[in-house]
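As structure tokens, here come the structures.
Two complexes, one shared chain (chain A), two partners (chain B, chain C).
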Partner chain A sequence: MAAPLTLLLIVAVTIRAVLFRSSLAEIISERVEVVSPLNAWKRVVEGLALLDLGVSPYSGDVFHETPFMIYLFHFTVDYAEIVFMIADGITAVALYLSVQIYNKDVFRKQKYALESDRYPADCLELLRSPKEMFYIPLKVAMFYLLNPFTILSCVAKSTCGLNNAIIALFIFCTLKGSALLSGILLALATYQSIYPLTLFAPALLFFLQRLYIPVNPRRSSFWFFTLQYAFIYVGSLVVITGLSFFLLGSWDFMPSVYGFILSVPDLTPNIGLFWYFFAEMFEHFRLFFSCVFQINVFFYTIPLSIKLKEHPVFLIFMQIAIISIFKSYPTVGDVALYMAFLPAWSHLYRFLRNIFLVSCVLLACSALFPVLWHLWIYAGSANSNFYYAITLLFNFGQILLVSDYFYAYLRREHHLTHGLYLQKKDGTEATLVLK
Partner chain B sequence: MGLLSDPNRRKALTGLLTRLNTPICVVCFLAAVVWFMGLAFEPFTLRSYMSENAMGSTMVEERFSSGERALALAKEFGAHKRKAGGMPVDWLVKAMRSRGLEVFTQSFSRKLPFPDENKERYMVRGTNVYGILRAPRAPRTEALVITAPCSPGDSNNQAVALLLALAQYFRNQVYWAKDIIFLVNEHDLIGTQAWLEGYHHTNITGMEYSPLQGRAGSIQAALSLELSSDVITSLDLVLEGLNGQLPNLDLANLFYAFCQKLGVLCTIQGKLQRNDWDTAEGYTHAAQTMMLMVLKQACGRSWGDHGLFLRYHIEAASIRGINSFRHYKTDITTIGRLLEGMVRKLNNLLERLHQSYFFYLLPSLSRFVSIGYYMPAFGLLAVILLLRALDLWVHLGAPALTAVDGVTEAEQPSSPGVLTVLTPLVISHLTGVALYLLPVHLQEMAVEHFPVSETEAVVLTAIAIYTAGLALPHNTQRLLSGEGTEQGWKVLKLTALLYLAVLLGCTALINFSLGFILAITLVPITASITPHMPKALSAVVMVLLSPAFTILYCVFIYQELIEAPVSIGEGWMLFLSVISQGILDHALYGSLVYPLLALFIYPCWLMFWNILFWN
Partner chain C sequence: SHYRLFPKSLGQVLSKFSVRELHISFTQGFWRTMQWGQPFIPSPPGAELWVWFHDTVSDVDGNWKELTNVLSGIFCASLNFIDLTNTVQPSASFKPLGLGNATDHRFLRYATLPREIVCTENLTPWKKLLPCGSKAGLAVLLKSEKLFHSSFHSQAVHIRPVCQDERCTSKAWELRQTLNVVFDLYTSGQGKKEWSLFKMFSRTLTEACPLASSSKVYVDITDNPEGELFELSPATPLLSQAVVLGDRRTYSVFDLSRAETFGQLRSLNLLLRWKGDSGDMLRPLLHAERYVAGFGLQTGEIHTVIYNNHPYRAFPVLLMDSVPWYLQLYIHTLTVTSKSRDNKPSYIQYQPAKDRHRPHLLEMLIQLPPHSMTEVTVQFERALLKWTEYTPDPNHGFYVGSSVVSALVPSMVAMSTNFTQDQPLFSSFVPVKEESSYFVRVYTEPLLVNLPTPDFSMPYNVICLTCTVVAVGYGSFYNLLTRTFQVDEPSPPLSKRLANLIRRMRGVPLLA
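Entry: the complex of A and B
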């Protein structure tokens, strides 16, 4: 399988290299859908210039990257294009390996369950065969590398690609079973953009499951491991933050990065839900509404963790998707990361209900974003409402996609325990309804 | 969310939609046509009203009186123009300076990609002269533009003269709060383009021009004046700009209000307004006016000098004086007063015109159809595409919709490979790229080998490539492995339908008329095409409804509507010149219709052509 992956990487790198050399790169790097105030390359360059002048890069209100990021580019600014291509490559390979491990795991469990006759007899067609699972890791890598969203994001040199790489590595280390590395990478991802904090829950659940520790608050082994993992995570977060302080010699970056993410002062339009509301709202409600909006990302963690505690990897997917929908400055690069996981759930296809609608909506929105932007900003004939309507529709599509997969996953699990052909009490055929 | 999650109701709905798919589609199509034609019916339209406060309530008294002097100036200008054999730059500079303006010139040159046979130009070299009247009342942050093209021959002398007379009159008034720029441009649109690019420090079309020496504030509005006779019978308002962009409707309202006030006959699309909307003639008249607007907007070119201003977010319109055989004549003083009134009202603006509509169609000057009324006509057509796509999706055995319950789903048939879709998609787009690039790049080679002029070479190459694209299906099939399967064409058609829907939707948002015309010709055939239809007949129908033939029909309909019907031969020549103009407009001013047709619509149509010849 290494050969197709290498081929894929070569194709992906070629596409990106060609686009970097074309005149499109400049246009793409200005698109609000692709870059946000958080990760625009223009702002990184500005921060670097300030750093070189001996001024704090956070003076002024332009630069919002973390100190690690600016020092990374301090040394590699001349090779930035290569760095971004490598980041995409790393993400793809990490996802490839993760899904490979995950699939092996799933297959092993399925085999045990089958041997102990735990599946109802009519469920055999729901079981997954190694044949169909063989190409899934490659498809995942392909979905990431050849996704137009990823390509745009990479060509625009949006640092979102680097964040994705960290999250992908975190997933890989988690699935590999290394709690230490997983904790450190999760801390790094949190340090980059706060929101991956919610991935703590699925990672913890995964390790508990892997070590056969039941999720039971009355057991000491549960608490022992939870504290251990939390300690690794918080410890590395403290170390990383401390290191950043020593790199720059000031705490400037805290308000400038995290304050900026949480209080959403920059209302440049993007594909997210924040900008329009915050532009329209009275100033004295701002704090209240930023809490309400931000809580969305974190709130769903609890019910999802309870519902999916047996399926931490699916929970990771759900969490990444929720982050990319509800974060304050989303870009298409974030969307690309969770979309890469879709092939891994291809066995849920038969239970998806709205996939046609969702794909039409996402397709249409992706085309309409630039059109309405043109009408609003250049032609002056449309206005922000038009653009926001498309943003809403795009997010509606994403939410529908995620909830559809969630429902399909739960449904398959339900069938695996209760049999495929459900019967009502009176003997007629039953259907499952989500209400 | 009941509909999205309750399987039983979904099942019922999808069942209904698939069973009644064809009737619903036919009904939608008819409804779209009826709706569109109904837009011109007066009770269904809105009466236009002034939305902008700054222009609505203030009364203006027009005092301009030097019409006679303007006519004398026109003669003098004409004499100097003849003597100079083009634009009398020195005379103009002197004339403007003596009227107290700050005068500057700008020279520009442009080599056309191929000779323009309509206007007989290839290497264009010219000069723009403009004078700025500085506002005595306010800081110089905003400006208005009045422009008059200096056309070859004796035409438009009166416009330039009226411009100068107005400048002299305006100079003596104290109420100006915005700088007023008087621009006399040479070589019509090319001059305007050079001036605008110079003013805004951009260069998007590769024009060579000298930088502007003098500049006023940001331009709020512009009026372009075309006037070729001493007296006129009516004034015609031209609104359609580049890529079908229209100025804010308030500008048209302003013009209409002043025409009413001063008793000047005003027309749009050269058609007078009628009051008998309830008779068949009245309705036909309104429908013709609207159809003309739709055709003009759809072709995406700028129909006057104002059209290029719109791109820079400047509201602009052209006012054209018409002299016909009517008895009722208007003298040049009245036109001067009309312009004075309009400029004074624009001078009162506190912000850019934005209150009124930007998306509208005009069945007459006092009535308009807003986007909310005309979009459903397009929406009904787009729905057909989506319904057909849904139908195909269901037939492809997607479990999500056939049996909402994945449970009852039988064994999935093996889905066709990505290649079946990708190959036709890539090949037709490559043809599109060839259609876009080759005509202009191959002209030299074509001229060398065939006895044609450059312009003919470009147009004929384009037509040749277009026709050659029709031979593609056979080649595509050879590239594909094995026979085309039933599944294969369905997947291809599904892709193509969604692609076309998105494409037309985006087009209709930017330029409704173009989107609608393309939709009304493409939708019926693309919705019904299958490989099982009688090949020869459907091929003929498909070709007759292809984008190129749509242009041909539009040429004939347009000629019919402006009451200058043409024979088939003349129509063909016009068709050729329309193509060359489209390519030139793209190269000179950045009009998007040609690339849109070549790079997207035509390849999309080719994909359906492929489906017809699937086996």
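Entry: the complex of A and C
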């Protein structure tokens, strides 16, 4: 499978190179849907220019990247385009290999379950065959590299691409089984933006499942491994933060990066739900609603982990999706990361209920974002409500997409235990409901 | 402290807040340098206040806040809008004009309010500070209905420490009050080419202030040596020569402390009648303009254009820009071009803004080549503010204070470094340190920038709608997490349920 992957990489690099050289690159790097105050390239250049002038980049409110980014781009600012293309390539290859490992795992478990007769007789058509699973890794890589959102994010040189690369590498190391590397990469991802903290739970569940440790708080083996993994994670986080301190010699970056992510002072419009809410909110409730919105991101971790403790990879997908929807400054680059996983769940197609509606909503919103932005900011004939409405609709579509896939996954698991063609007590065909 | 002529209200304020120097100006209109020449006392549109505090002050920001509030009361102006979001500490542009050579700019505060309007309410307390008030002396001319019917009006108060005598044995505060007014007589008058004190102020001078040691009126007659350009009446024998703004000017002096100035009618009405066409104005050597380029409400560019009209000399200028925090400047886009070539500034001091705490401060030393135009451009992005941070008329726009261009312009004529008593007061405002150049400060136009606005009628709606979307997410996840799949057994019809209820009471087996 190396040849199709290489061909895909070449096509992706060509498209990006062509766009970099065209006049579209400058227009794209100004779009608020693609860049946010956290990851805009203009701000990285501004931070480096401030450093050259002898002023700390964190003394103003323009630069919100971590010192790791200063360190990385101090040497590679002239080759930035290559850096971002390589980051996209790394993400795609990491996702390809991860889904390959995952597929092998799924097929192996399915084989054992078949041999031990755990599936009811009539759900054989739900089982997955190697033939069907053969092209999935390539499709995942393609969904990431050729997704217009990813291409826009790369051409805009948004550092979201680098964050995606770190998360993809983390997923790869987790699925490969290396707890040390997984902990270090997760610490790096958390250091970049706080939200990947929620990925600790699925990674832990995956390792426990892999090492055949039962997820039972009363067993000491569970705590032993959890503490080990937590120690690796927290230790790397402390080391990375300490190294950042020594780069600039001050803790200025903490309020500038993490305080900024958590308290949302900058109200630049983006595709998320935060900006207009905090622009129109009553001042009295600012702290309350900041806490509510931030807790909303972290809050689904425990319930989802309990429900999906046998399926940690799907849990990773759900967590990344929830982060991308509810984080404080989302961009289309974050959306592209979880959309890359969708081919891995293509076997769920028969159970998806709203997929047509959702795809229409997402396509229409993606087309309407630039139109209504232009009408508000440049033509002056619309106001901010129009753009806000499309933001609402886009997030609603994403939520519907994620919950639809969750429903389909749970339903397939139910059928695999109880049989595909269910009957009511009187023998007629039954319908399944959630009760 | 001993108050005789110095107003006690100001004196008490100065000693309470340990103020070393205070300069405040209120201006209505913009000085058109290319039409009216270089101003004697430059001032930016709106209100401007800059203060040097003593080294002994421990909490400069606290003193500054209280001082602005007290001055707001004294001058009936809304100086209380000066707070940390529009105060800067320039490091090089505003050196002390009085005694002392402190250079620690931590004790300097500069703020400007471009939106401030000047009216009679501000003129009255200004006149009250004068020893004679508006009852005697030159100040009787200053009646507001004529004074504000003008193209430009600027009143200022400057306080600085000076030596009381030659050997500087004791120090005193010097209070200078200046009033710059430009009357446009063609539009307001009958179109006759003449002006007089009565036409401009609708009254004449009758006596000097008894408390004044000197009270003089100067009329610039440099361009009229033989009297062929205009005719000045009444005639006066007194003449004075002074070097003002790098040029040697000749003035006719009317000394109000001498009785013969007032003539037979005991009143002095200066009258100047133009005979020929007015001559060319002396072209100012340093001139600056500023404007905003770009379209749309997302980004923009500030262009500052500085003209050096000297035919063969190049000199450096210090450009100071204070931009509010809601216009995010990108300093890596700063370009300075002179004669279409890059002109790198030799000194750049930049303090970036902190949102809702302090504005941007950019100071640059630029070398201007002779007879050239230098353009300084910097890009900015416009921020969306919280709905409570907009003014009641948000679509009017937000003001950006004037840039300050300070320079030592090479002078055609040697300036004298000694200050003698017979020099006119307007030529000795800024201390002259060397003979070959004079200090000039040029203020550019303030900018009016539109910011994107949210819909102000929508707080409840936005809260409801956004919370609805979040609740849709919460609801779907809650359902999927807490409920399980079950086969849907339809509930029996009402009749069967009632029958089962009766059967249960009877203790008989239930229906299916």
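Going forward, the second predicted complex is superposed on the first by the 433 of 435 C-alpha atoms of A that agree within 3 Å, B and C clash if a C-alpha of one lies under 4 Å from a C-alpha of the other, contacts with A are read in each partner's own complex, and residues count from 1 in each chain.
Just so we're on the same page, a residue touches a chain if its C-beta (ideal position, glycine included) is under 8 Å from a C-beta of that chain, and two chains touch if they have at least 3 such contacts.
As the structure is a computational prediction, the values presented were derived from the model and not from experiment.
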Self-check item: chain A: partner with more touched residues, chain B or chain C
Solution: C
Exercise. Classify the contacts of A:80 with the two partner chains as first (chain B alone), second (chain C alone), both, or neither.
Key: neither
Exercise. Could you say whether A:378 touches chain B, chain C, both of them, or neither, answering first, second, both or neither?
Key: both
Self-check item: Touched partner set for A:19, first chain B, second chain C, both or neither
Solution: neither
Exercise. Examine A:353 and indicate which partner it touches, taking first as chain B and second as chain C; both and neither are also allowed.
Key: first
Practice problem: Could you say whether A:392 touches chain B, chain C, both of them, or neither, answering first, second, both or neither? | Solution: second
Quiz item: Where on chain A do the contacts from chain B and from chain C line up?
Solution: 378, 380, 400, 407, 411, 422, 431-435
Exercise. Would you pull the chain A residues touching chain C in the complex into a rising list?
Key: 30, 32, 42, 45-46, 48-50, 53, 55, 59-62, 265-269, 273, 275-283, 293, 296, 300, 303-304, 306-307, 325-326, 376-378, 380, 383-385, 388, 392, 395-396, 399-400, 403, 406-407, 410-411, 414, 418, 422-425, 430-435
Quiz prompt | chain C - residues contacting chain A, complex | solution = 295-299, 325, 328, 330-332, 348, 350-356, 360, 383-388, 452-455, 458-459, 462-463, 465-466, 469-470, 472-474, 476-477, 479-481, 483-489
Quiz item: In the complex of these two chains, what residues of chain A are touching chain B?
Solution: 349-357, 360, 363-364, 367-368, 371-372, 374-375, 378-382, 400, 407, 411, 415, 420-422, 431-435
Quiz prompt | Complex contacts: residues of chain B adjacent to chain A | solution = 4-8, 10, 245-246, 310-311, 313, 352, 354, 358-359, 386, 389-390, 393, 398-401, 404-407, 409, 412, 498, 501-503, 505-506, 509-510
